[in-house]
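Here subunit A shows up in two complexes: once beside subunit B, once beside subunit C.
The block that comes next holds the complex of A and B.
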């Protein structure tokens, strides 16, 4: 009996060990898949699935009187309509214009702030700037929009202060809200942290001694900036602008709440098309035009960043 | 260091001394009472230094000793708290770095990554509005000097570390600076390349004949390259001297410890005559004869060092000799050119380091062997002497 059980155990071990080992090895290989799995499932299947169906819808025929709103088809009417109608092209222009202005403003502000932050020798000062930027970026977008309403309103903080200081008369209060100012101020504020964080990450990698080398060779502060710091900052500027611009053109809440009727951007029209008009195919087409613009910009920027003169060189330094 | 090299340096030093005494002209670089405080931290205090024309001077010390801060004050990147920097006799303490006309080489090379080798080198000349033909000619010539001809159109990232440092040297030299500042330029290179670049650096410096300040924490680098070495510690200068002086006659305990290996003794003077002094060390268990006279009076405390290579084993101890001791080899490490021993002196509980130059057929003495060892009174270098008025 004892002999037999011993034999069985031997048998079990001799077989079990290789199986366990190979299983463990196989499981090890599966670990990255297991970690990526859930996220992949949501992004690839659910989100991309929804995106693909939207893309398919954008070629369907709109049937306002029909039961299903749209009919299966493959027509380019919605794209053609958007790209040929001056009304819609104007929307595209407004969207582009705002994004460009906001990109410019956040670039100027963001560059100075992130450069100061990166180059500061005091660690506590660095942390202070970081905290201020981080905290303001953590406040919910809607809360920030309503704060701007309180500040910019006709009876708001800014107007009241200007009247108190005697800069404007009580009768001539400035109307910030419902105008382009509101959209520009609001969007710049919301997107500035993105610009700062993106640029600071890249600017940090510029070796300070490179600037000192330029100075020792006779370059004053301005020359050093123009000939060395700025060219080396181009990857930072490019990636910051890319992010802010793509976020800018898809803005929705800010133009809706801080802008006027003429400041509505493309996202607002997409929203209307889906919720009020019910023209799903046209709404989908608009959404994809927006997506294509973003994709186009991202691809363009990648090309710029990969070019030999900027990105490649910077990485090696 | 090899004997010939040392000899060469001695003659070099002597001729330098004569030149300096003869000419009363302003040196290329002078530091007067230069100090820098960062809050309560004193990075450099009262640095006084006159650098001779064409001299290769090293600032040597451990990290945090103030050598880099001193260099950066000369370059104009750090404002001194106190004192003056004079370049060619002119006070430049308040002159911004871009007007100082100093060349600088950085540890990280600090080449402009977005410019080609050629444009990197030409950077300073373009700022000086030199004509295009002249720039081209000068760039060619300086690339030839640093042996980088034909690599004009490469980008820094396409060059090896050594080549990048050559570019940085060419870029600094092309503006014909009054002083060349080198901030640990070799420490990012691997050992073999470093030895190569060391020779290159010396060759280029001697070809150009430029006054150079070299910051390093590597004593070997400083000994090989320098005309004079400034040993720094805790923001102050410990000793200024030629490599041989610094090695053979350290003035302070710090210098003695920092440069090279050594056997340190701390004792009381028991007697002295005109040429030699008897010192009792290790709580009276050992008497050593030191070739030092002067200020040493009986009863005074004295510290000295004996370098490992000055100690010999028995057959080489010619009689009559002083300082003969019996000991046991505790540890032998053979490193090819030399063999290093740790030898404990019998009855004294003191370990001494002995370094023996290798000879053909010679085998290291096995551990546990009893040996007798000796050193001449001249080998004992007394430091931390009370300074004579």
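The block that comes next holds the complex of A and C.
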């Protein structure tokens, strides 16, 4: 999955090994192209082709009575409709709101777990954390959603326990599902491992001796953390947050199954537009609005990682 | 004064430990709940269960759709793993070993299918395939999953390729091995861990995919996640918990098996 920021960095930092001098230099120039052939077929030809055709559709005119549903045109109506109608802006707001809340929750839990894991002296404890996080992140997403349904349902585990403990009465069971709680809990559960692994990838590069130096100069643990560790962790925090935020705004299954009608996020509306409403051009425009937002955030992540490289003199590795 | 400070440190330590333990419990708890539910004798959910039984596991055999879904997912994920592993290894070789124009951009571009919204991927492939008249759902699923899994393989293989010493390959070539032989005898064994990690990721991501599959699936090509999804919406009984428990056991076994080949840190890319 998982340590995406690490990947971005590896590829950015690498300088390819110079091609060894050879008589068949000309042939060699074509080799990378040949090697990339299959990848190009899938990602450039099909994926990019599909994205471009969807982008073109987003400017077409919707013709509900026509035979092909849409008519060739170049109009910005769908984008304008989405960005000017309060109904759709509200969808964007719900999506943003959930994503921000989840980023906050996973940051708090993820940073603590990630830091503990990276700094732990005990191999077996490290392995335990890693094992728990990895297995929980690889278990089928729908299995985990199903489990949260069992836990949070009206007759579910949590409500039953609360009734049993006498905290709530049987008549006043709390509706966790079909409310925002369900979405927040479910998405946090799914995205927490991403946060942990992404941050661990960057945090492990912080040189421990800097912290030790601060402490030997008389700083206490809290001061060391606030003045040394936290500033050095900033790239880790930023890349973790940006990744979780991007994955958060594209959430689909969790709001569909754990949320109520007002908790549906933009991906759910895109799905409905294509599968039920049938307004393909408008659906395409929505898809591209989501895509642009994600791209914008990913570019932000690149910037963060680059600035980290410039200021990374304390970096041990 | 000094001892008050020490108390503060202990408090901080306690709070950190508490968050770590709670966080890990938060991750594990739903998995335990599914397993316990699948062993529950009664159809409604009881916790802790009054009596245990394996009848929900036997019940899976009665529900043909789960078995069919499993078969389709296995078929799709296996072919996808072959496609994306082959493409990914070759792609990583090109990106690590050669310099060419636009390489930096290509690096990030080829990674994009992982980060860009899955629903957008699903929707664009759906419209693209139907405008080309491609209505073979299995084939469409295979292509769609290959697109989103190639980046994982490129990432894990490239990470290993950066590390190892090229001189071994050059030695083999100097001793007269042709490039193909060098690749299979020298390069491939050296990048083995990256290949295994990438292939495993590709398999799991394909087997587990839902958001792209839901656009590409059809009546005779419903993958297991799609079947689980329909079951969840309309009739969630403990048979589903039994199916999920089997998936959990499968994943755990895979991770334990994986540890024989590489450290988990290596697998997730934080070693």
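FYI, the second predicted complex is superposed on the first by the 270 of 317 C-alpha atoms of A that agree within 3 Å, B and C clash if a C-alpha of one lies under 4 Å from a C-alpha of the other, contacts with A are read in each partner's own complex, and residues count from 1 in each chain.
The criterion applied here is as follows: a residue touches a chain if its C-beta (ideal position, glycine included) is under 8 Å from a C-beta of that chain, and two chains touch if they have at least 3 such contacts.
Note that the structure is a prediction, hence the values are computed from the model and not measured.
Legend: residue contacts after superposition of the two complexes on their common chain; A:220 is shown touching both subunit B and subunit C. Applying the stated contact rule after C-alpha superposition, one finds that A:90 touches neither subunit B nor subunit C.
Touch criterion not met for A:262: it reaches neither subunit B nor subunit C. When the shared chain is aligned, subunit C comes close enough to touch A:287, but subunit B does not.
Residue contacts after overlaying the shared chain place A:209 against subunit B, while subunit C stays out of touching range.
Contacts of A:57 after superposition: subunit C is touched, whereas subunit B is not reached.
Ranking subunit B and subunit C by residues of subunit A touched puts C first. In the superposition on chain A, A:232 contacts subunit B only, with no contact to subunit C. Across the two superposed structures, the residue set of subunit A contacted by subunit B and also by subunit C is 220. Those residues of subunit A that touch subunit C in the complex are listed here as 1-4, 6-8, 10-12, 14-20, 28-29, 31-33, 35-39, 41-43, 46-47, 49-51, 53-54, 57, 108-110, 112-113, 116, 127, 129-136, 138-151, 153, 155-157, 160-161, 188-189, 192-193, 197, 200-201, 204, 220-222, 243, 246-247, 249-250, 252-253, 257, 267, 270-271, 274, 280, 283-284, 287-288, 290-291, 294-295, 298, 302.
Contacts from subunit A toward subunit B in the complex involve residues 207, 209-210, 212-220, 223-224, 227-228, 231-232, 308-310, 312-317.
In the complex of the two chains, the subunit C residues touching subunit A come out as 5, 8-9, 12, 16, 19-20, 22-24, 26-31, 33-34, 37, 44-45, 47, 83-84, 86-88, 90-91, 93-100, 103-104, 106-121, 123-129, 131, 143, 146-147, 150, 152, 154-155, 158-159, 162, 166, 170, 201, 204, 207-208, 210-211, 214-215, 225, 228-229, 232-233, 236, 240-241, 244, 247-248, 251-252, 254-255, 264-265, 267-270.
Residues of subunit B that touch subunit A in their complex: 75-77, 96-104, 106-108, 110-114, 123-124, 127-128, 155-157, 168, 171-172, 175, 181.
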